[in-house]
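Next up, some structures in structure tokens.
Two complexes come next, and they have one chain in common, subunit A, joined by subunit B in the first and subunit C in the second.
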Partner chain A sequence: MFFLRRSLATSATADALAIESDSGSPAKEFKIMSGVILSRPPIITPEQTAFSKAYYHYQSELYKRMSWTFPYWFYYPKGTLAENEYTRVQPKLNEKDPDVLFNRDRNSKQDVVFPPRSVQRETEESARIYAKIVPNPRTTIADEENNIRSLERKLDRTLYLIVKRDGESLEWSFPATTIESGENLESSSTRMLAQYGGEDMNIFLVSGTPALYYKDVYESDGKYEGAKIFYLKSRIFNGLFKPQKESGIVDYAWLTKEELSSYLDKQYWRKVAGALSKQ
Partner chain B sequence: MSLHQLSSMFWRRSQTIISRTAFQSAAVSRIPQPLHNFEVSGVKFTHGSLEVTRGKRTKSGGSSPQKIRLVNMLSLIGRVRKAPYRLKLSYEDLLRHRTIHRAWQLVKRQERESRNTELMTQYQKIQVACDELEKASPELFAQAMDKPKSLRFPPEYRIPTETPPNVSWDSSWKKATLPQVK
Partner chain C sequence: MAFFKPSFGTDLRRQSTAFFQCRSLHSSAPQFKSPVSIVHPVHHRVRYKKSILHPKYQTLLTIPKWDPRSHLFKPQAVQPSRVKTHWETTLAPDLMLANYSHNELKLRGRKHQEWDGSSPYHVNRPLRSPAGNAMATPDILPRTFRTVPFVTSIWVNTFNHRAVTEHAERNIPSTVMIQQITGVKPAPAYSGVSIMQWRLRKERNVGAVVEIKGAKKDQFLATLVEVVMPRVKDFQGIANSSGDKFGNISFGLDPEGVRLFPEIEGNPDLWSGITGLNITFVTTAQTDPEARLLLSSLGVPFYGRERFHNVPNLDGTKQTRKKGVVYYENSQE
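Let's turn to the complex of A and B:
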């Protein structure tokens, strides 16, 4: 069955080729190009949904209910000043209640209250060590300004680089270049990135195997009928994409997957979307 | 082991000890001796060499500070007097708990499945690209299929954290240039 199908398929393509050659028009070639899907991996975790927040809260409350009593007698030994400070801040429970043991009601959750840090002699170093940790905000200035050229925007998402080159068509697309003689996909794409964006980018090429194929058919009559572009995936870790002179780059942007859909040509987007990451 | 068994065991053991030291008396009086009657043999029951020394205080004086510290530390490991009472949920609470748990599992499943389909489409894109490359240029395809001899996983990869680091992006990164040799 398998062989039969295969033979049918090959004969069909052979017929198609025969028809093409019969029509008499000179078969123009497709230019082979290599491109790069350069992405910035997410720096922070995805935004929590209201449901996941509520679920984690529920779990933590359950944990407090089921956890063992905090053994304060080990951390605040009996008869010390530390113990005195600890007991002062504890909520008073009825010791005669049979459910209460070690100042914990064993039928309900336990919230451990620690005494505030008392400092006799604060030094510069101790102040630095014990300073309250303030977490950095999840949104940056680039987010507020919606600076699409910044790499500090949308820290919880993967950002993809698209460029606009003055050439045959002035459209947004992933950077691509023609493969010169003696080059393969990998070498030509690394050469292109340095040529377009400069040397000061710490880039990791994930693989030399193409991750995406796009067939671009040229409308205007030229040497080539169109271009077959093979994209490689790569990641940027440090540095900036700075458009170089004589590279022909008019504009560039770092965008998430949804944003790309409004920037890219519809047909191009349809072919490209499957290779990109949602997060 | 019941008390009855224990006492009979001790009795038998003590009999052998006695027989070693005072076998003559045992030989003389061949009266069958009933068990459990300590008085009959005429020997008062003592532990003798059987005395259990484990757990017995060997030094005078109360608990030492070392001992207190040990007991204190052991008290951290055990659940004794530290474990709360068992959580008893009413039928409705149990139902609520299970609903929450099922909803969470459902969300996780949807996430997992969407991630799997995403990976599958990405993989299909790779397959199509490779097939097309083979048709377009066999030489380029052969080079693309070459596996690198040594893989270097970039140490710059970092696991996403809940909040960004102090410097969220290093913009001043420069490509290292080798010093010029004169």
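Let's turn to the complex of A and C:
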């Protein structure tokens, strides 16, 4: 939000962090890279546990038992046709020992039953508005097919984008790129996402402050000792990640946190896991 | 001696203040004495319900409201809150990261000041008012996981002008209207000032006010954002100039906007003389831009020029300090 401030990480450039070697051999340096943890936030609320369901059921039944009497006389004024319709559909009171006040048996819970809407007054628009709401299923086709490239799976979980690029090591990781001259973390990561996944994605960078820092040490590289990667957090609102031809993306996947643990390299996963959402 | 009706409002406070101010040996001391006393020897000058002190009522007094055995108990959590879940899973981590900055220090607000002790009369004197004769302001703490903002409550109030010009009974439909929309029983609102042009006098009942908390607050927020605001004609959003500098944002809805609440819209014939609403979001955000960030992530639109204040100043931007609030020159448009 506060983009007027300059965050500390953005002042670092590729050649800033040269490291002097003790033995006098030519100094190697770390490559500075920017990465993106691109995620799709949960779209629906999480599935309730059996205990949670039972708890809310108990509380709502208790609420119906203890709540005030529904003031039907306010909505269905006395002496109107509407009142007739309302009283006609009300369930019969307990015959044994009713404790009745305002047509309500105070010994039992209150379930308010509304009269059905009269068909004559129904217009096309009102019929559409008052039609019974049928919620969509919690699972989608992508869930059944287990299509890990689809954004329409695991609707109650956060999905994270990981990619596989052809390079020295063919391993899954969050997308990252080298910071070019004149770029900062934000500009290089937006440039990279367009380069890797196309221009169709509607993406929101949460902050200019990195959410994760990862230090990758190379075993055999003439120029660099390793790479220091600063990951920014971002959200995808709509659009699709479509791997571009010249980007070198071999494969990509949208995965939950648990699924990531089996895809990512063990050492990488251990560093990354803390920055990911549980839900 | 005149019999005083029990009034626990301003009269009682005035009298007890007067009691401390006058000398009790004075002949007029009894008339300044507080009308209620629970210290021995007890000589009440007003009727006092001693029966509530009976041991049989002790359980009623000691059982807290949340305990199902209490006669005041009301089940609150009847279903999980969609807004709260969204805040916990998605918003809170994002807000913490968006507001965070490295090496942030506490920004001290204006406080009451000590006397310098140059005069013997400074002993036991109340503290000096804050610099510039302004109000004391809270400290701005570093943005960490402890200071992630959330909406604590929403205040809704209405002013019914016809209650002033015509009759106080005009307040009844306004009060019922707020109760319908929020699901919480409102309290009467009284005018604080006299305005001759409006024929308004001080302390007249001119409307209703309610504070919504918990699940009802989340429900109200969701209805406002998803049902009402998108359909208000020519609605730009809440002005960025709104706010009290300490994270509380207010705005107004006109009667046409209030008619869009489902509770009113479902039965429009029932309502006459709908009045507008003043709505205030009370948040734990430390500054207004943070509160706006929170609310806009919950779906509330804003418009206008954003002006940052009390932001940690790391890159030496020129700042001005006004009434305990630090402003920055190159704020975003």
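Criterion: the second predicted complex is superposed on the first by the 243 of 279 C-alpha atoms of A that agree within 3 Å, B and C clash if a C-alpha of one lies under 4 Å from a C-alpha of the other, contacts with A are read in each partner's own complex, and residues count from 1 in each chain.
Note that in this section a contact is a pair of C-beta atoms (placed from the backbone, for glycine too) under 8 Å apart; a residue touches a chain by one contact, two chains touch by 3 or more.
Because the structure is a prediction, the values reported are computed rather than measured.
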(request) Go through the superposed model and pick first if A:63 touches only subunit B, second if only subunit C, both, or neither. (result) second
(message) A:158 in the overlay: touching subunit B, subunit C, both, or neither? Say first, second, both or neither.
(response) second
(message) By the touch definition at the top of the document, which applies to A:136: first (subunit B), second (subunit C), both, or neither?
(response) first
(request) Pick one for A:200: touches subunit B only (first), subunit C only (second), both, or neither. (result) first
(message) Touch test for A:209: subunit B only (first), subunit C only (second), both, or neither?
(response) both
(message) Between subunit C and subunit B, which one touches more residues of subunit A when both complexes sit on the common chain A?
(response) B
(message) If we overlay the two complexes on their shared chain A, which of subunit B and subunit C does A:41 touch? Say first, second, both or neither.
(response) both
(message) Looking at A:227, would you say it contacts subunit B, subunit C, both, or neither? Reply first, second, both or neither.
(response) neither
(message) Is A:52 touching anything from subunit B or subunit C once the two structures are fitted on A? First, second, both or neither.
(response) both
(request) Using the superposition described at the top, list the residues of subunit A that contact subunit B and also contact subunit C. (result) 41-42, 45, 52, 55, 62, 66, 74, 209, 211, 235, 277
(request) Could you pull out which subunit A residues touch subunit B in their complex? (result) 30, 32, 41-45, 51-52, 55, 58, 62, 65-69, 71, 73-74, 77, 99, 101-102, 104, 106-107, 110, 135-138, 140, 151-152, 155-156, 179, 184-186, 199-202, 204, 208-213, 215, 228, 230-231, 235, 237-240, 274-275, 277-278
(request) Give every residue of subunit A touching subunit C within the complex, in rising order. (result) 1-8, 41-42, 45-46, 48, 52, 55-56, 59-60, 62-63, 66, 74-75, 158, 206-207, 209, 211, 233, 235, 277, 279
(request) Using the touch definition up top, name the residues of subunit B that touch subunit A in the complex. (result) 72-73, 75-76, 79, 81-85, 87, 100, 103-104, 107, 114, 118, 121-122, 124-126, 128-130, 132-133, 136-137, 140, 143-146, 148, 154, 156-158, 160-166, 168-171, 173-175
(request) Would you mind writing out the residues of subunit C in touch with subunit A in their complex? (result) 68, 73-80, 82, 85-86, 88-90, 93-94, 97-103, 267, 270, 289, 293, 308, 311-312, 314-315, 317, 328, 330-332
